[in-house]
């Protein structure tokens, strides 16, 4: 099988990562990489690490009608608010599938409009897909739509994977996610936060009580533990390009030992190749550039508190890698196809 | 006034910082810097940043009897468990004052023995001194001993300063300290954690539920809000040499606005030159190398949760700087003497 | 074809990289990974990025007689001075091929003994193999030995690739290599140089006039421009894990324009997939984790000086990657097999 | 004595450093800090490390006529091309002295116009002042103008100090400066180079054969060794905020031992408190934030090549610190006044 793929918004970090990863995927041929600003430029002249790959591909400004004819799958790597313009046009009269990396189709419409402060132009349902937590194909069946995937946000992916097994047990009482993200999460436009002298040897908290991803975490975790929404979230930018380490401070209804919690996690994730329960603490370096999520945990011996730490690459498991994993599932491939790549410390 | 100072354990990071800061103090002359390993070496040949300073001082292995005669004040910059050997000998038959940077005299004796797993050889009371939180001289009067200061731990300093104003109001219900520390906190002996390829682009949690400093935090914060000990603490090492950013996730008995909390903090710290409430978020770079503590805060508009972030330099306000601040107070100098130095971004 | 490979010294950085890269090679099965210290441990418990790969492989302490029967190819990733103990035993009475990543067989024996200050126990000739500069198979024919490859040093690889095209033209008059290396070049044992607080925000020159790799550079570059040895080399450690950027300050017999030099380089490397002449300056990030060498250059418009900058990953093109490239060539595979992987910024 | 100082362009890095350092200077009161963009803002709200210092000072947009009446000394921390507009207005009808941190008055006028590609509006002579190399007061006498100092560029300061002693001996034959600079050298506006994900774990060469500072190096070094201009210069940006490490590859007319060269350097700099010849290699961390220049050196035992490495803080000895040092000299203070501050590792 050779899947023809298009990437809309191929100049940003998520687009770049899709191109990097798909260069190693045996069943995908990238046939289109769109970018308004870079139209006409060769892929390898912009993303220098890809010099030598994609010799025949240039950034282009392609019309939606043409694009949907060229592609079996289209990845939307555009800012939130932009995808909802693309999706109806691309789905209409075509058979292509869409994997949307923006926030547009992740939340229930009303919640989206509240959190993102804008009217939704295309309020249709999509499959929110963290494949380790919900069965993507079954979800698609439920909404009778296997053509639109809402690829999860980076922070919600790390946070949900960190507590899903306990949520499934229904024992969460209070969860505080203290997340530490590499600065690529803020995009590739230079800013005060990404200015090297401001970030090196520093760690920068932001949106300390009101980050938009909190809504996404609450929506998804409450699907596992109905009614539970006592979730707080504070993100920080660390002096690192990639990676999200999420420290989940979890207060539970009952007391556990570390061994008990570990068993719950190992069981929950036993058939999930990309989620691995590690001894000790996880490392952003071990999963760097890969689609893995490493999880470490420790139960307080005296209180009903458990600290669970998950490590993902924000651009891979938190974006492009999970998108390809979802594509693999949609097209009936093994979910590890093209993604069985070790982290690069 | 010229205070004659001795530094025991001058080869480590805390000793090095004492030497760096005292080089800029007009009322202190360092007369002794002890180190068993470096005896005979010039200060500037080991701590190269001090080349040109202390031209007449070499590391020495000095007998306690001699040392206590030479010095008005002695800083103990030795590992925990070692100070309790020095203190009785140095105090006995002398008038010199001791500022102990180790953990030996911080906790009540029974608690110390439990937490540090060793018998205390010299169970006397000392003044635990974060000068912004308790009146050091009054505390000394209480215990009729102005000659022994227990200089606080680095994490407890940042944590206590972050919540003291709310503790004073007695409104804390649940506090989670998620701290991020520079790697100098682990000392200057190369280790797996401090090995550059393991730390760069990473963030490493450790002792996730059971760090020793938790006991110190509980002891000190419960002095402000009697009976309160619902305190959790998880430290992380960040890719930075210096600095501790403590994110305090605070659940309170009542709901506050950000403005209300800010007013409480500004009032509490109004006569404390080294603690400053900043707009926005604090930065480790702004206080780098200085004795300042910067605090930023934000109340959740929907719940009884407040996020308070404090930034200190672990080696300065968290060790050598606070030690000198305490020395200033003990000797009747202005507490800012020799410490009114801006951070170096 | 499925090549059975063994790695001797699999605990170090070069061994770790061999395991990482071979995990993505379709024609290699790693059948042995030796380590005295780690014997009995699972690969993924030590090299955490490999957790999930090599489920059936553990570190072992294997006898040479057994090892040479198990393997078609053996990679020696041991310190210099150690390979010469392994090579004769492994070659004797076997058919396996050896790729030695140590320095033992790179230099002519007399030169080796002078530079490394030790007697050579096994003074046989090997093929020194930078495949972009010399034809590896022809070299092997010449010495009638296709069973022992001396895999080049990291600095000599970056340096030689930077000047080979001009050396071939015979125009070099004075070459100064000023190299900047990531700290993994110094191995995975924590040391003062790799201690994070000593390296961050710093750059550390070392062996400023007398690094051992100078001899290797002179030997190899003089094969291209006979008689030329006016080569100086000064290495520095930069705050980075991986990568070597070599700035070659080249004084030539005649004056060139940038365009002329660029043409010479593009021509010289036109059939070499891993060496790419970039516009502007090369980036360590573009080739991170990959087997590529990126080269940028600029001729001084006024003098006979050219600045050529090469970027390689010291652990890949400078060690494990080039070793696999050489293995591919020895076994008749495409040289890019298993190595056609983009850099990970 | 209390010198009233004004800073023009106080929002940039050089201005910020002047404010940081002058906060520790007992004989200077900063009376004006100009900035068009920040007018009305408090110093401490912009340069957060200065919060608590300068309580009565705000950024202002001050007229030149007013400024020259308020100040005894004015520091111009503006881009090249801008100082030449300020200098004639500020000097005319006033007695204030000017220390210009821009490039406008460093080069002979004709050379300036060629190198910077602009007409000079105010072609007057100034004192180019690296106080360790030339006697600033004597130079001022020569040109009968003690009121305008051309403060040297950052790269030329590090480069000139590295070779001055040998230049004085007249033995230089070929000098290649390979410099590595922190990214603050590029200013505080976020750019692609200063974008954290582009710089971390990288090192970026730029203007490989044609940096403007080469002319300044040639001018100043040829004053020490008349007729010598065989000087090449290639700068790199390293992942560091501050500091310039200059590796000088020096070919000399005769052969030296390391000890001989060291003696020449120690003698040359024996009365210069800020320049220190170190054993081994210098460290950017040892001089971080300070006005020191550390120099290490090694002669090749076999050729007429010497490698000399100098380390300075680009914002201090390379800008604001040297400016204050020059101010001290102009006003008859000790040159170390307010600058005798150790580096902060």
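Chains: A, B, C and D, in written order; residue numbering restarts at 1 for each.
Keep in mind that, in the parts below, contacts are C-beta pairs under 8 Å (C-beta built on N, C-alpha and C of every residue); 3 or more make two chains touch, one makes a residue touch a chain.
Predicted, not measured: the structure shown is a model, and the values here were computed from it.
Counting C-beta pairs in contact across C-D and across A-C shows that the higher total falls to C-D.
In this assembly, D is the chain whose CA centroid lies farthest from the centroid of chain A. With centres defined as mean CA coordinates, chain C is found 36 Å away from chain A. Mean C-alpha position of chain C lies 40 Å from that of chain D.
Chain B has residues 182, 197, 200-201, 239-241, 283, 285, 288, 345 in contact with two or more other chains. Against chain D, in their complex, chain B makes its touches with residues 20, 23-24, 45, 48-53, 200-201, 241, 273, 276, 278-279, 283, 285-290, 292, 294, 341-345. Contact residues on chain C toward chain B in their complex (touch as defined above): 182-184, 188, 190-192, 194-197, 199-201, 239-241.
Those residues of chain C that touch chain D in the shared complex are 174, 176, 178, 180, 182, 197-198, 200-206, 208-210, 232, 234, 236, 238-243, 245, 247, 249, 281, 283-285, 288, 296-301, 303, 305-307, 309, 345.
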